[in-house]
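Below are structures written as structure tokens.
Two complexes come next, and they have one chain in common, chain A, joined by chain B in the first and chain C in the second.
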Partner chain A sequence: MYDLGILLQIVFWGIYAGCIYILLATGLNLIFGVMKIVNFAHGEFLMIGAYVTATVFFLTGFNPYVIILLSMLALIGIGAVVERLCFRPILGTSKLNEIFLSIGLIYIFQNGAAMIWGDEWQSIKSPYEGITVPLGSLTVPLDYIIIMGVTAIILCGLYLFLKRTKTGREMRATSQNRKGAMLVGINVERLDILSFGIGCGLAAAAGTLWVVSGQVFNPYMGSIPAVKAFAIIILGGLGSIPGAIIGGLLYGIAENGAAYFLGGVWKDAISFIILIIVLVIRPTGLFGESGE
Partner chain B sequence: MNFKRDEMIRYGTIAAIVLAVVAPFLSGNLYLLNILSLMLIFIIFASAWNLLAYSGQGSLGHAAFFGIGAYASTLIAVKSGISPYITIFLGAAVAAGIGILIGLTCVRLKEWFFAMVTFGFAIIVQTFTVSVLTPVTGGWDGIASPRLLSPGIPGYQLIEYYTILMITIASVVMIWYILKSRIGLAFSAIRENELEARAAGVDPVRYRLLAFGLSAYLAGVAGALEIHHIGYITPEIFAVDLSFWPVTYVIFGGLCTIAGPVIGTIVLTIIWEGLKMAGLTFSRYIIVGILLILVIIFLPKGLVDLPDKVHTWWKHHKKPKPDQVPLQE
Partner chain C sequence: MKYSVLFIVILLIAAFFAGCTQPAQAPSQPSEIKVGAIVSMTGPNSNIGKNMWQSAVVAADEINANGGVFVKQYNTKIPVKLVQGDDESTRDGGQKVATKLITEDKVDILVGGYSSGVTSAYQQTVAEYKIPYIVTGASSPIITHRTDIDTSTVFHHCPTTDAYGKYTTNFIDQVIRPAVNKKFSFPADRPFRLALLYQDTAFGQGVQAAVNETITKNNLNIQLVSQQSFKMGDSDFRTALTKIKEANPDAVYVAAAPNEGAQIIPQARRDVGLNTIFLAVENNDAPEYYKGIAQYGEYSIIESRFSPYLTPKGILSDAQTAFKNKYFAKWGTYPDMMGASTYEGTYIAAKAIENAGTLTKADTRQALMDLKMPQLIEYMKDSTISFTKDFRESQFDLWMEQLQYNSTIGESRPNIVWPDNLKMTEFVLPDWYKPGNP
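On to the complex of A and B.
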């Protein structure tokens, strides 16, 4: 009934959208693993990353794919400050406090960005705009392929960092057992800052990729992707990075399918409908244990 | 001390009510009256959110019930011609019914999951409003809503204000009554330790659903009041902003207290309007955000805890040094 080409196109777009969700969800997962907190304001870091990229691009005209490193570094710094000033003091108090604190952060970041950059929709043009590559039966923009490549490189880098370095090993130890890690002499507070920073850096990468693909952005764009990323880690299991990757891809595809078959307004709602159905069947998520 | 405290609360309450009653006469400014009316409506909304939080459920999508109450009341009033005075409560009943339905899916969820589902629910409702339900709701353009009173009646704003004030007082008293009863006890037992509550014979699911229904009902009342006060409704009513405001108000005033939402709403409205007069736009939100974070970190029980905090600090500072303590026989 439906053309195979269109289905392939939907899947391809879905994978591209999924890349941004994967980066966000992986960052959230890293932070959750080490600190056992959930930052609802994670999308604001995506938004700031997007603006940093756009600003540097407007000022210098560098290739935006190079600026990704700069925006990640900037956001690692901002993330470390936010962790130290806001989340450290409330670690170990009621879980609701994290949610409430995130609301404060959302107010601050969204309106701070609106003050600095204005609140209109903006967009930038990628240097490779308009170049398409034939891929099997479809022709796809070169940008989308580069974005998938960049995402893969970042994820591989993160994997190597977690598996091969001493800090990465400490991080994994802390997320398995925080008290045990403390007992063997790991400075968990340093890892808190580090993991929060890296999580924000991944969000900044997602923001940069969002911008270079030509999508519009404004100071309020971050909330919805962040909440979707959060939905993804609920589905994929809290703290499980492979779960975040698979969940992110499935979400991107489902969302694009819904937008095509049901109409654009359903794009956001469909992910929450999936989420609610899953949670009705399994209140702790698809692969989650106790949710603790 | 305890006696004095009770007295203070009693006089404070009476003073607040008297002030609210005479407020319109202190200044004939209609703009001020409008702000006061909206503030009262948000007191109901924040109290409704707080009632749900009292049973340990922090919702991030209360705008859904606010909006459902508003839409239902408007549509009933438009289609049947019944006075908005009655449809407010019918619309709120619709909100409560839907609240219980969505409650069925999320009463067993942990904090984060719960926050997520409620947040998503507001977005789903908004999507339905602008897609499937467009023929009734007018889509993104919204529809006109009948005013509480026709603007032709002399002094209609004053009557509207007193109506809202009475509903606000009734709502707060109702919440006070519920929280003082066995139901309130069950709510806080579930909030503090679900396992122990269950061991003591409290059925968490039933009580959480009850909290959900009551909270959605009051949120619906607040939403319907606001819309009949403004006279127009659009799907913007389901926006994230409206879900976050009651949370901000309650955290500011004091989570899980009866006075918290009231005090938080009043204080924040004053700050908000003051900053507006000072000509600030975006930075208003930044200031509120910073204040919110400061309150969470340094005053975890909110502003209602401030007198106690100051009192302890005062006693601590006035306490004489040990070598100066006079000997006591």
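On to the complex of A and C.
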């Protein structure tokens, strides 16, 4: 009844969309895991990452896949400043403070970006635009293969950092038990800055890949992906990096599957339907642990 | 004593008659005519909103350079003051700013309104205060057809989705269908396979309804093989396009905003390999759209009535060129068609007040109903700007453009291919074009 080639194509688009979501949600989860804060302005870091990439690209003409490193570094720095100036003073206070602070940051970043770059939508072109490669029975644009590869490399790097380095282990320990980590002498404030910075760096990577894929961007682009990233981390389990990865992939494929089978208007709704079903069956999310 | 009493009585009588004969106190003359412009200065529609605002400013500057608007009641010309209202591209923003313009700024008349969804959100407020409103961007016919609120003060100065949906469908039937049949030796009675990709809003649904109705009503030999919708502001259309490709269309009609349309065509041709003719709605005839579609827009079609990059030969070519030059001199870019209709909307507002002779809103509304003014920079039916008596819609002459890629500037540029009286070049089916199933 359905053409297998078409279905594979839909899954491919879903995996591509999932890559953006995974990077965004993983960063969000890393921050939540260590600091236990809710940052609704996370999508704005994706937006700034997109603009940093585009600006460097327009100025230098460098390959945007190379600019991703610069974009991540810039956002790690910006993230560290935001953590130090905004979130640290309210850490441990009411959740309402976090919510309103991050909503305030959304407006500040959006209006700041509009002042610096203007609020017209923009786009850039990948140097590999128009090149397609055979992938089994599919013929797909090379850019999407690279985007998937870059996402995999970043996630592998993050995995190695968290598993194999002392700082990574400290970060995991803090994520598991913040007070316990403090008691054994881990400098959790240093880890707060680091995890917030890395989280923002991952959002920047998502922003770079967003623009490289040819999608337009403007200062208001971050809000919808941020909402989806929140849904993904709840779906995957708060604080769980594997949960964010599986949730992101599931979300991307479900969105595109719904658009194909049910129509475009169901694209956003289906993911939240899945979220509700998962939460009813398993309130902690797919990979979450009770108490998060 | 007698003389004193008599003197006082005379004085009182004189004062009484003086009071009776003194002319009634004239209402104080306003120092300016306030024209509220509801435009999207921020948010996803800000490209178009800024163009609308900047065009209104050009019109107001011209009107004021001639001394303003003559208002008979005050026997003088009064300058126009534009008051900007940013609807933030949202329904809430529109409601907020419409209320502010009407109740705080106390504008005499409104112009603007881009998104049909946003505009319809604050129509209740417009109806409540009976403010004359010349809508120059929102294209859904519901703006003046809806019956749940009083729309009698709302005038539509831009083609509706009904108008351009019908026009584009007729172009497909009369030009593209024969060209495809001829090139691929298809039988003349082969149904043309058309796909629709539309924004899931009043605007997109309006286009969808108009296409369906035109096909049915005129018994056109066009088969709608796929009708896909997407949410406003979406940026990934690959799945919808994959589904359309699966349906093997001969052409795809896209009802989208420029920021969406500029992504749809590249994603279709570059990512999905859908090498067909794309037809776009007129709001895409904007500089940003040409920039966004780049080489992928080659041979695509835009239904239009005013283009930043072409001026059709005819009696309005000088007026169009003058407007574009003034706009460019002031803002450093070119106006789009929403800008053109807002430029005209500002003139219409001024003319209605002049004809009314007062700033009374009821009189201005009646003057708009009775309006007959020469066309300004866009071609109108009978060369006249006037509003229909039933739904208060002005009637435009439209055309179809086909884009040609210019590798020097890295963008495509339009040429009129229909109707015959405006045609600049013939419609072309490119070599890479793939028709649907025979």
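One rule holds in what follows: the second predicted complex is superposed on the first by the 273 of 292 C-alpha atoms of A that agree within 3 Å, B and C clash if a C-alpha of one lies under 4 Å from a C-alpha of the other, contacts with A are read in each partner's own complex, and residues count from 1 in each chain.
In the analysis below, a contact is a pair of C-beta atoms (placed from the backbone, for glycine too) under 8 Å apart; a residue touches a chain by one contact, two chains touch by 3 or more.
Note that the coordinates shown come from a computational prediction; the quantities given were computed from them, not determined experimentally.
Of the two partner chains placed around the shared chain by superposition, chain C is the only one that A:E129 touches, whereas chain B remains out of contact. Note on chain A: of its two partners chain C and chain B, the one contacting more of its residues is B. Judged by the touch definition given at the top, the superposed model places A:V216 against chain C, while chain B stays out of reach. After overlaying the two complexes on the shared chain, residue contacts for A:M115 are found with chain B alone; chain C is out of touch.
In the superposed model, A:T139 lies in contact with chain C only, and not with chain B. Of the two partner chains, both chain B and chain C are touched by A:V265. Of the two partner chains placed by superposition, only chain B is touched by A:Y107; chain C is not. Overlaid on A, the two complexes show chain B and chain C touching the same residues of chain A, namely 114, 119, 224, 263, 265, 268. On the side of chain A, the complex with chain B involves touching residues 38, 40, 86, 89-90, 93, 95-97, 99-101, 103-108, 110-112, 114-115, 119, 223-224, 227, 230-231, 234, 263, 265-266, 268-269, 271-273, 275-276, 279-280, 283-285, 291-292. Listed in rising order, the residues of chain B touching chain A in the complex are 53, 58, 60, 105-106, 108-113, 115-117, 119-121, 123-124, 126-128, 130-131, 240, 244, 247-248, 251, 255, 282-286, 288-290, 292-293, 296-297, 300. Across the complex, chain A is touched by residues 42-44, 46-47, 200, 228-231, 233-236, 238-240, 242-243, 246, 259, 262-263, 266-267, 270-271, 273, 288, 292, 294 of chain C. In the complex of the two chains, the chain A residues touching chain C come out as 3, 6, 9-10, 13, 17, 114, 119-121, 123, 125, 129-130, 132, 139, 141, 144, 214-216, 218, 220-221, 224, 256, 259-260, 263-265, 267-268.
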